[in-house]
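What follows is a set of structures for review.
In what comes next, chain A is part of two complexes: it sits with chain B in the first one and with chain C in the second one.
And then the complex of A and B:
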């Protein structure tokens, strides 16, 4: 990419390249399915520590999503979008290089075979993300700087955790750590969980370490934002699963009680997950920029994944893992649609759009499929993963967590309706009358994602098979799925039937509708309101302060407790961040980046 | 069960729902008339209305999403009926369960919202914004109720929930075991059906009936059909959760009509609440009652 990136066909080459890697992974699938761990011959010794890289089912699952996101993002960037981006003065070369660096570093992270390799991969991912975030310049730089300070403080915590483990286990191989775990005292495990947890939570954007994420993702140019939104933050989840579930074990977490409360460590994680669902979702509801709205939802949806995994039973963890895949497809298609609108109209401001449905029908449909998935309604795939999490909460008897998860879903429904209404429905602006559908290079990835979202919604068993492999690889109970969902004595799910009946219902609805009298189609600009005939020049699109009644009620809460909470945490983090910034901000960040990359590359290669 | 029987049930269940729903609309109007000392409409009036609306000459379409919105609004409920067991027919209730039903019931709202959105009428959009807020308000107590019932019976399969209740006779009914949840459920029911005092999103005098403002002819007819289904679905769901479902069609219909009569009667006694008043009320009383009921059920 460093060499090829300068040419106009770079995007296409990259797409083919990612496609090739995906094929390679597909080849690997058979061996993964047998429960084998694919080891690479790459073994490095450093300070007497063995470093190795290998792929198991967990890595494979995340790698497939990463490469899929990379493939579609570079496809999206390869055509007219890239040309425009370059014409507008954007550095397309840097974008492609950064994207490739992201994919590559994530694969290194996912393939890490011990904690040292994990840490190196972690750092590479952080810097690669930083690089991609800075591509746009301007506000993006600020957001990226904020991210890197968060990421660095997180990395310090992880490093401290690794050193702690190394001093006890005498090595950093996963097997060694699992062996030494029973000998550690409760206090030591407490410290470990806190250090690793907070470090990984930064990347995942878990409350209260989420404040960097929305701006950093939203300000990244088109395909980059889609890629970030789809998978980047999930590296945090990968690491959390690896360390908390595989190495420490969920059972151990339940033994760690929190003083002066009824909670144990696992409950704490579940509550963090639920708060991560609720607060960012309602922050998303208040956004007026489509990109920010989606980015905030990205943080919120991460909560469902963590919640599912922390629940730790077959159903819940399957839901959490399934949601990684489902959410990636939903978020990617939503970002693609938003950036398609931005490509044609030049804005993502939800108060400056409207009525584009007739001009960009495919983008509308893509967004529709995406929002149904994101909100978790049938027949799209998002419903299935959330259903698993809900059912698990019901079986485990967690009413308050359940309520929290549902409140998050309801907030998502409100928020995504606002997104599609303000963009595609309602009044068409006069200046957008000439707008056309986005070019095919942008529409094609959307169509692929739409098909994927629908197909895995109807037949979730396709992905659940992989999820079951992941569960057995990390030592979680394995879900026994069917093609259409899951069969349980206490209430099953069979999406094949549900979707079939739903579409039969739509068929009957259509039959009723089209058997009625003939309709007369009026022009899109031929409207009136409250008896007054309005010309197209009058702006009456109801978009600003969309949920006035709700906001009237919850805004004071935001002003009061939420703002207080966020500012307290923010200032605490600010102190930490400023200390870090003094360390890193002393020189130009890109020099640092270069030095780190060169250093790590030589390190890895020697 | 053979595939023929199943297919037959899948056809019959929505059909029955529609017919019963028509009578519920009739009951709604008759109750209103009684309370206002009027005579009320004749028995076949709801059906005449639908036929009339579908046959109108002026049918204004604002685009394909407007049309599909109505299709989704009706179609979603047609599908929902097959997830809702009635005496002698289970449909595909065991393949979806309670949680799926709750979410399938949101599809018609989504369809309606999308359809209204394309009409580009600010009154319609305001109505939808309010309706979605109302959904946020009443769904909070509603899911507490759903959770409590599922926990108590140990299943989300409606067929089993009904069977367990019927095995215990009247004493086995959900309402006897979980009275507080049953009360919270009634609150949620009132909101779900959009009856006064929770009909701010229709508010005829203020936003000209909100979502219905651009609906002419068969569009309004579609919403009429949707209302029939909605009344039926809400009533049957409540009966299935709290009143032991239907032992036979007679008892079943008596229970369902009695349940639906409650919100209708209450409706005429109240003024209209503002959106934020509705949220505050819904998040205070029924949630408190529901959580209290949940605490009793779980301990």
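And then the complex of A and C:
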């Protein structure tokens, strides 16, 4: 990419390249399906530590999504969008390089065969993301700086955890760590979970470490945002599954009780997941920029995945893992649609759009499919994964977590409706009369994703096969799936039937509609507005201060506590830094000398 | 104001030979009369009698009548009291936006003859000069019992096929339009294409068009035609899309 990127066909080459890698992965699928672990011949020794790379089912599952997202994003960028981006002074070469760097570093991370390789992959991913975030410049730089601050502190926590493990296990191979795990005391495991957990939670955007994510993703130019939204944050989930589920084990987490409460560590993670669902989702509800709205949802939907995985039973963890795939498809198509609108109208401000359905019908349909999936309604794939998580919560007897997840879904439905209503429905603005549908290079990835979302919604068994492999690879109970869903004694799900009944209902409706006699189309301005005579200049599209009634009820809950927490931490750091500076700047070197001498003597004597 | 008598012509009934030919008509009329959505354009004090008529004591819904929020789905337009000239424009717009068959009910004396506002310069005195009123419920104000009685009467008239004011509006549109123009001025217009609708329902008769509709066509400023063009791609530098 570094070399080819200068040429105009770079995007197309990159797309073909990702396609090739995807084919390679597909070839690998047979071996993964046998439960084999594909190791790479490259092995590096560093400070006496063996580093190796390999792909198991878990890595493979995430890698497929990564490459798929990379493929479609670079396809999206390779046509008119890229031309326009370059003409506006954007650095298309840098964008493609950054995207390729992201995909590559993520593959390295996913293929890591030990903790050292994992850490190196982690750092590469962080910096590659930083590169892609900064492409747009301006506000994006600020967001990216915030991200890299978070990412670096997270990485330090991970490094501390790795050092802790190394000092006990004497090596960083996964097998060594699994062996040493039973010998560690409760307090040590506590510390490990806290260090690794907080480090990975940064990438995943779990509460309370989520503040960087929305702005950083939303400000990234089009395909980059779609790529980030689809998969980037899920690297955190990958690492969490790897370390917490595979290495430490969920059973061990349940043994760690939290003092003075009746909760254990696993409950704590479940509650973090639920809060991550609820709070960012309702923050998304308040956004007026479509990109920010989607990016906030990205944080919220991560909660469902973590919740499913932490539940740890066959159904719940399958739901969590399946949601990674489903959500990636939904979020990518939503970002594509939003950036297609932005490409044509120049704005993603939800108060400045409306009525574009007559101008951009395919983008509308793409967004419709995306929001149905994101809100978790049939017949799209998001329904299946959320159903799994809900069902698992019911079977496990977790009414409060269930309630939290439901509240989150309610917020999702409300805010995605706001998204599609304010963008595509209602009154067309005078300035958008001339708008056209986005060019083919942008529409084609959307159509592919729509088909994918629908197909995996009707036949979730296609993805569930992979999910079952992942579950067996990381040692979770494996879900028994059919093509249409699952068969359980406590209630099955067969999407073939669900979708069949749904479309039969549509069919009856269509029959009534088309047999009902002649219809007449009326002008959009020949519309009821309490008897007002409407003109094109009259704004009757209700988009500003959307959900005023609901907002009136829940506004006191938006306290910005996390922003406050972040700024408190920041200012505390500032105070500490200035104190240190005072110390350095002090004019009494003799005192330091004395202190140093005393300290050295003490150390030598003891 | 031009006083023109307003005889409602009996609908021309096509005689069909099949003895069961009327079964479906009867069925349709019966269903229509038992399921009516009502748009109440509450212009005056008569509105105060509607809540008791609609809620549990008198419970209009047991007759199949309930409120509707938009004219497109409504069957009954309920005018509850005096209509000022300004309001009348809105009432006519709303009426024309309703889908046929549609029925107009005037409640209170004010809709019949102006009532206590008879001397007002700003009030339309007789509603049926401007809209085909199917039923008046007189009184100042009529009690809920009277409202319900009126509704039952309307149901009977729908079932027997007598309530066909909406057809009259299409058949004698020129006359109604003339009265409207007399009140609002020559440039009076609504977005609805009433003449087109009349031919849509096969109700265009000699009275549909006339001097007043010609005047309307002269003054009419039609809404911008709505194009639904659908094209993927196209030139980038078209007006209105070249900013990001």
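Here is the rule we use: the second predicted complex is superposed on the first by the 553 of 606 C-alpha atoms of A that agree within 3 Å, B and C clash if a C-alpha of one lies under 4 Å from a C-alpha of the other, contacts with A are read in each partner's own complex, and residues count from 1 in each chain.
Just so we're on the same page, a contact is a pair of C-beta atoms (placed from the backbone, for glycine too) under 8 Å apart; a residue touches a chain by one contact, two chains touch by 3 or more.
Remember, it's a predicted structure, so these values are computed and weren't measured experimentally.
Peer 1: Kindly say whether there is room for both chain B and chain C on chain A in the superposition, answering fit or clash.
Peer 2: The answer is clash.
Peer 1: Under the stated touch criterion, name the partner, chain B or chain C, that contacts more residues in chain A.
Peer 2: Greater contact footprint in residues on chain A: B.
Peer 1: Given the touch rule stated above, what does A:234 touch, chain B (first), chain C (second), both, or neither?
Peer 2: Once the two structures are laid over each other on A, A:234 reaches no partner at all.
Peer 1: Quick one: classify A:342 as touching chain B (first), chain C (second), both or neither.
Peer 2: In the superposition, A:342 touches chain C alone.
Peer 1: In the overlaid three-chain picture, which partner chain does A:286 touch, first (chain B) or second (chain C), both, or neither?
Peer 2: neither
Peer 1: Which partner does A:146 contact after superposing on A: first (chain B), second (chain C), both, neither?
Peer 2: neither
Peer 1: For A:520 in the superposed arrangement: first (chain B), second (chain C), both or neither?
Peer 2: Both chain B and chain C are touched by A:520.
Peer 1: Quick check for you: in the superposed arrangement, does A:438 touch first (chain B), second (chain C), both or neither?
Peer 2: After superposing on A, A:438 lies in contact with chain C but is clear of chain B.
Peer 1: On the A-aligned overlay, A:550 touches which partner chain: chain B = first, chain C = second, or both, or neither?
Peer 2: first
Peer 1: Of the two partner chains, chain B (first) and chain C (second), which one does A:210 touch, if any: first, second, both, or neither?
Peer 2: neither
Peer 1: For A:498, is the partner it touches chain B (first), chain C (second), both, or none of the two (neither)?
Peer 2: In the superposition, A:498 contacts chain B only.
Peer 1: Identify the residues of chain A that lie in both the chain B contact region and the chain C contact region.
Peer 2: On chain A, the residues that contact chain B in one structure and chain C in the other are 358, 518, 520, 522, 524, 527-528, 530.
Peer 1: Looking at the complex, which residues from chain A come into contact with chain B?
Peer 2: 354-355, 357-358, 364, 368, 372, 376-378, 383, 387, 390-391, 394, 397, 399, 402-403, 406-407, 410-411, 413-414, 417-418, 420-421, 424-428, 484, 489-494, 497-498, 501-502, 504-510, 512-513, 515-522, 524, 527-530, 540-542, 546-550, 552-553
Peer 1: Residues of chain A touching chain C in their complex?
Peer 2: For this pair, the touching residues of chain A are 80, 83-84, 88, 342-346, 358-359, 361-362, 431-440, 443, 518, 520, 522-528, 530-534, 536.
Peer 1: Of all residues in chain B, which touch chain A in the complex?
Peer 2: So the residues of chain B touching chain A come out as 10, 14, 54-63, 65, 67, 70-80, 82-83, 92, 94-100, 103-104, 106-107, 110, 113-114, 117-123, 125-126, 128-130, 132-133, 135-136, 139-140, 143-144, 147-148, 150-151, 154-157, 160, 200, 208, 217-218, 221-222, 225, 274-276, 278-280, 291, 294, 298.
Peer 1: Looking at the complex, which residues from chain C come into contact with chain A?
Peer 2: Touching chain A: residues 41, 70-72, 87, 89-91, 93-94, 97, 190-192, 197, 200, 223-224, 226, 228-234, 236, 238-241, 243-244 of chain C.
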